[in-house]
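Read through the structure below, which is laid out as structure tokens, and then see the notes.
Each chain carries a letter (A, B, C and D) given by its place in the written order, and its residues are counted from 1.
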Amino acid sequence: MIIIMERNATKVQKLRVIDLLKDNGFEVRCNEGDVHTVIDALGDKTSLTPGRLAALEGVKEVKVIREPFRLASRDRKEEDTVIEFHNGVKIGGDNKPVFMVGPCSVEDDYNGLLKVAKAAKEMGCEFLRGGAFKPRTSPYDFQGYGEKALQFLRKAADATGLLTVSEIMDASDLDMMCKYVDVLQIGARNVQNFKLLHAVGKCNKPVILKRGLSSTIREFLLAAEHILYYGNQNVILCERGIRSFDSAFTRNVMDIASIPVIKKYSHLPIIVDPSHGTGQRYLIEPMAKAGLVVGADGVMIEVHHDPEYALSDGKQSLSIPMFKDIMKRLNSFNNRLHYEKTCLSANVK
Amino acid sequence: MIIIMERNATKVQKLRVIDLLKDNGFEVRCNEGDVHTVIDALGDKTSLTPGRLAALEGVKEVKVIREPFRLASRDRKEEDTVIEFHNGVKIGGDNKPVFMVGPCSVEDDYNGLLKVAKAAKEMGCEFLRGGAFKPRTSPYDFQGYGEKALQFLRKAADATGLLTVSEIMDASDLDMMCKYVDVLQIGARNVQNFKLLHAVGKCNKPVILKRGLSSTIREFLLAAEHILYYGNQNVILCERGIRSFDSAFTRNVMDIASIPVIKKYSHLPIIVDPSHGTGQRYLIEPMAKAGLVVGADGVMIEVHHDPEYALSDGKQSLSIPMFKDIMKRLNSFNNRLHYEKTCLSANVK
Amino acid sequence: MIIIMERNATKVQKLRVIDLLKDNGFEVRCNEGDVHTVIDALGDKTSLTPGRLAALEGVKEVKVIREPFRLASRDRKEEDTVIEFHNGVKIGGDNKPVFMVGPCSVEDDYNGLLKVAKAAKEMGCEFLRGGAFKPRTSPYDFQGYGEKALQFLRKAADATGLLTVSEIMDASDLDMMCKYVDVLQIGARNVQNFKLLHAVGKCNKPVILKRGLSSTIREFLLAAEHILYYGNQNVILCERGIRSFDSAFTRNVMDIASIPVIKKYSHLPIIVDPSHGTGQRYLIEPMAKAGLVVGADGVMIEVHHDPEYALSDGKQSLSIPMFKDIMKRLNSFNNRLHYEKTCLSANVK
Amino acid sequence: MIIIMERNATKVQKLRVIDLLKDNGFEVRCNEGDVHTVIDALGDKTSLTPGRLAALEGVKEVKVIREPFRLASRDRKEEDTVIEFHNGVKIGGDNKPVFMVGPCSVEDDYNGLLKVAKAAKEMGCEFLRGGAFKPRTSPYDFQGYGEKALQFLRKAADATGLLTVSEIMDASDLDMMCKYVDVLQIGARNVQNFKLLHAVGKCNKPVILKRGLSSTIREFLLAAEHILYYGNQNVILCERGIRSFDSAFTRNVMDIASIPVIKKYSHLPIIVDPSHGTGQRYLIEPMAKAGLVVGADGVMIEVHHDPEYALSDGKQSLSIPMFKDIMKRLNSFNNRLHYEKTCLSANVK
């Protein structure tokens, strides 16, 4: 840590900082500049937090050198985390990026869901996704069908040989949900619902953690850190757009660059969700490609058997024919990228 | 609602929209402009959501005329909501703004907390606040003392005649917390934790709902709507700063104007939290005054008996002597504003 | 236009709006809802601005149906704008995306610049870019070499057969700059310097207009509209990142989705600048590909013969060997995308 | 400066940094941590910029200790800057905050303007403001009456004994404008139009510099630094709202806390503009008070003799009766605050 003192900090204030650092086992170097005094604290102790130091009189700023996420960091684990499912599907590392598709909410129409599942399987997708509990900004909107939705999801997935993904909104639903889903999803609005992060951290089920609307990359990785810290190492990150000053043409701004940034600093897999990221059907194909080309490990797409009748997010859902049309091109794009990446790395070796 | 069709929408697409509106009981007027067709739907039906219409082919945009928050709106309830406590303290309406003070986290030091409570009482404050469960960005930071903290809080409040405020992080803690606190607080990170909003909505305990880091005013009032919708009408809003592009000098940007905006559109009381809103001790006094001058119904301030040893948010906490010094001026400011407001309205009548 | 009246607007206020609309030649329809009155104004008149209507008492909101940019819009001009240079290079439409490379600032070292120009030519790039006048946040930073820099730029471009791009900062430099450059650039900070937009609007030289740090897409297209309105139709837009709440890992957030959005609503070509967009060397290749894959008409990249000695933006500049290495892959990617796009459209026909 | 090296920086890379620092006269201390090496550079040299260091291989981040604005900083000049006009009016320091009022644009109606000027004088305001050249987002909006507007402004001000303020948009208008105005204004969109900053920096006329829509506080003070650096010390800052993710109820978010922040770090006076800051008439009075209570040195308010016919910004302009009504309360508020501030400081002495 580096402690920058105020311009007019007193000698006593400086000594107070130095003593506290030494008491906590840091090696201390004090540099008296023309204007500011800068105190370097060497060592990686957790007994003294930056906030504690910042509260001392005369301290202007505490600069932490090391990234605060540790288990999520490549410093601690160099190789990519790969998550493997019982049927052999893998996410992360050099594996070919996966596709997760399905309706925003599972509705009271099993046959509709099954149509989507069949189309997903036909197009080579690996996961069927669908919400059972919907976080809705307004209490007047549809809130989801609950456990019944999960039963439908499981049944349609089993009928087609897909894996399931669904969002968990409350720790008390954990055991029930684990019966039906292969991957738990934590939504953008719950990215700092720490009780929920700790609960999923204590189980072993893979978790997709969506970036919050206004999460910085560092906060996003720290949210993942909460899950890792409680024991669950199977975390998949998901970029789904952040809030900006402009929402006239797209719901959110997709931070495509965050994908290679996170790949550099963390070993965790990361997928991309262009449906929520843009809120516009016509942007799903280009933004899925943009995500893949910068290194995403998967793509999540909303598909509904009849978007005009969808109970939520119909505007951004693809119909089955649109989905098949787009998936043809996405598959070809994905295959080629993957071929080049694995060939290239093979040649380099 | 107003439905704006795409420039190249077909006749069939327009008829589809019109039929759906009529089927749901709306009165429909269709205006064919030079470029766009605009369809007006008159009526206030909840059977057809804007999202459902937006999903139809050929629809460019659906514009909702009425604000989506209804129970929180002045349209529904003209007069200010006033929340009254057993000891006669009132929040909202023409009542004098209240002060809620105390440490960020209650720590394992009852005497320290009691010192703060005594100072609060001495300076005329009404509430003692303190966290028992702390939402922390990093899992390596102090997470709160739990129920023991609440026992300390209650005891110190009872010893001094104050009311208590503490943050709830999980619905499962509700019954336990209600034993100790007079006001439940929902933190900024949980502003769209709908399970939690619904849980506190089902009890009668007053709730402080903090604005999310990136909540729009409309989303903030919709979050309150979730609580009102489930039955609890005792909601107090809290402006505590929003996230902007600049965090070099202040943690957040306080949206002071949101206070008179919310007063215009909603009947709910709103308080201001300059400690979290700025993260800087020297800004607490001026920003508390700014909040009061635009009409806030209360102020929340972090005070710690020894900020340099605080386990969280020490940087922005006032020590007891600083607090007393500032409160003298805040009390005098608050008294005069209140005197003028009540005199003025008396004269107007 | 749609005029939404306040909930409590009086009859007189409504009539005032209606009369003003009729006086200006609009066809008027008035819808009295349960809560709000909504007035539809049909017609496309410029004599009455939305702001004028918004100022009337009792008006809550004026909603404009048509996009305010007209000359820049596909409504007015369906086919893509293509800009052709004397040597046959073309930007926009179905032409293969171009590359513009060179140092942030041209420095007092002609040989260094020539090295970059040679490498650019060798790798198939079309444009040599370099700043002569630098907009710098701090007055203590290097401000550019002025006309001498432009002479170097022209000489190095002529020696290698490249076209030149350089930023104009003041209308008074226009004639001088036109002697040296093939494309004028207007920087992000000047996107609403209307005097400058009007000046370049009156000449015929192609102009690259960079998106402002906090320009919405609509404002960006309106800035282009100023240039088009004054007569210059040769406008090339450039996405170079917007300001967000997170600048820890990237300087700006690249709004990759804005490229297909703008392609949908405007006929103007748009290029992408991953150097300024991210501020990080390691992100240039992936973000250039992301831009190309969503339809950008070109890529701008900072290359310096010796980045460690660059007088500005060295951190994000590529050295010549790095540049060549990356360009090999970018060329192959660009060629294939272009082949597919032109083949595909040929097949469709 | 502090140079933080990448985790895997090589010994050669570290030595390169150290040598470059030493060559430029810095005193260097190198701290080898467990993970990162941190190099402290002591001294205040301008020969080596942080950007130059950041471009070196192996450098992760360069942290500048001292604020980059120097002439604008309290480090350099402890006492408040006070700007005095020929008629004795003063801005800054312990002087009573001033009021600047008038229409957004001066229109072709001298009598209308004179009415506003008379009302301003009657209510004790010091400045008449009005635009002659209007920066307008759309080219289809009114662009201002030019020099004729300035003649009207001067005439109306002279007739009533007021000082004049008007916005300059281009350096070439400087001499002409100086004939008519007492204070030049640089608008938010030109805050980084460095050519314009340098031009006004070379004259002696007081300048109001408005904060840009997305200027950080540091960038805002650096923009002022450009003016100071070229010689003009008479700079008045103006907070007028920043861009956020929410513009449904207010045009911008007023960063009220930036006023006491800037007062702490800079000696320059700062005023507040609630008309542009909120875009809503009903927010002008509360937000003017909020600005004054945190220490603003003045308030700028848009007043039009007939807002419903204003050619720009009518929505946020006050009519003359509204203005007088509000000014009565603002004057009383301002007088009392000023009395307390000067009494208090007198007592403290």
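Just so it is clear, a residue touches a chain if its C-beta (ideal position, glycine included) is under 8 Å from a C-beta of that chain, and two chains touch if they have at least 3 such contacts.
Predicted model, so just to flag it, every value in this text is computed and none were measured.
Asks: Taking contacts as defined above, which has more of them, B-C or B-D?
Replies: Between the two chain pairs, B-D has more contacting C-beta pairs.
Asks: Chain D and chain C are one sequence twice: same or different residues at the contact, by the over-half rule?
Replies: same
Asks: Where the centres are mean C-alpha positions, what is the separation of chain B from chain D, in Å?
Replies: For chain B versus chain D, the centre distance works out to 31 Å.
Asks: Per the centroid of Cα atoms for each chain, what is the distance between chain C and chain D, given in Å?
Replies: Inter-chain centre distance comes to 27 Å.
Asks: Hey, how far is the Cα centre of chain B from the one of chain C, in Å?
Replies: 40
Asks: Identify all positions of chain C at which a residue touches two or more other chains, and write them in rising order.
Replies: 214, 243-245
Asks: How about chain A: which of its residues touch chain B in the complex?
Replies: These residues of chain A touch chain B: 46, 49, 51-52, 54-57, 68-70, 135-143, 169-172, 189-190, 192-195, 213-214, 219, 222-223, 225-226, 229-230, 243, 307-315, 317.
Asks: Once bound in the complex, which stretches of chain A touch chain D?
Replies: On the chain A side, the touching residues are 2, 4, 7, 29, 31-36, 38, 40, 42-44, 63, 65-66, 75, 214, 243-245, 247.
Asks: Chain B touches which residues of chain D in the complex?
Replies: 214, 216-218, 242, 244-246, 248-250, 253-261, 264-265, 277-278, 282-283, 286-287, 289-290, 293-295
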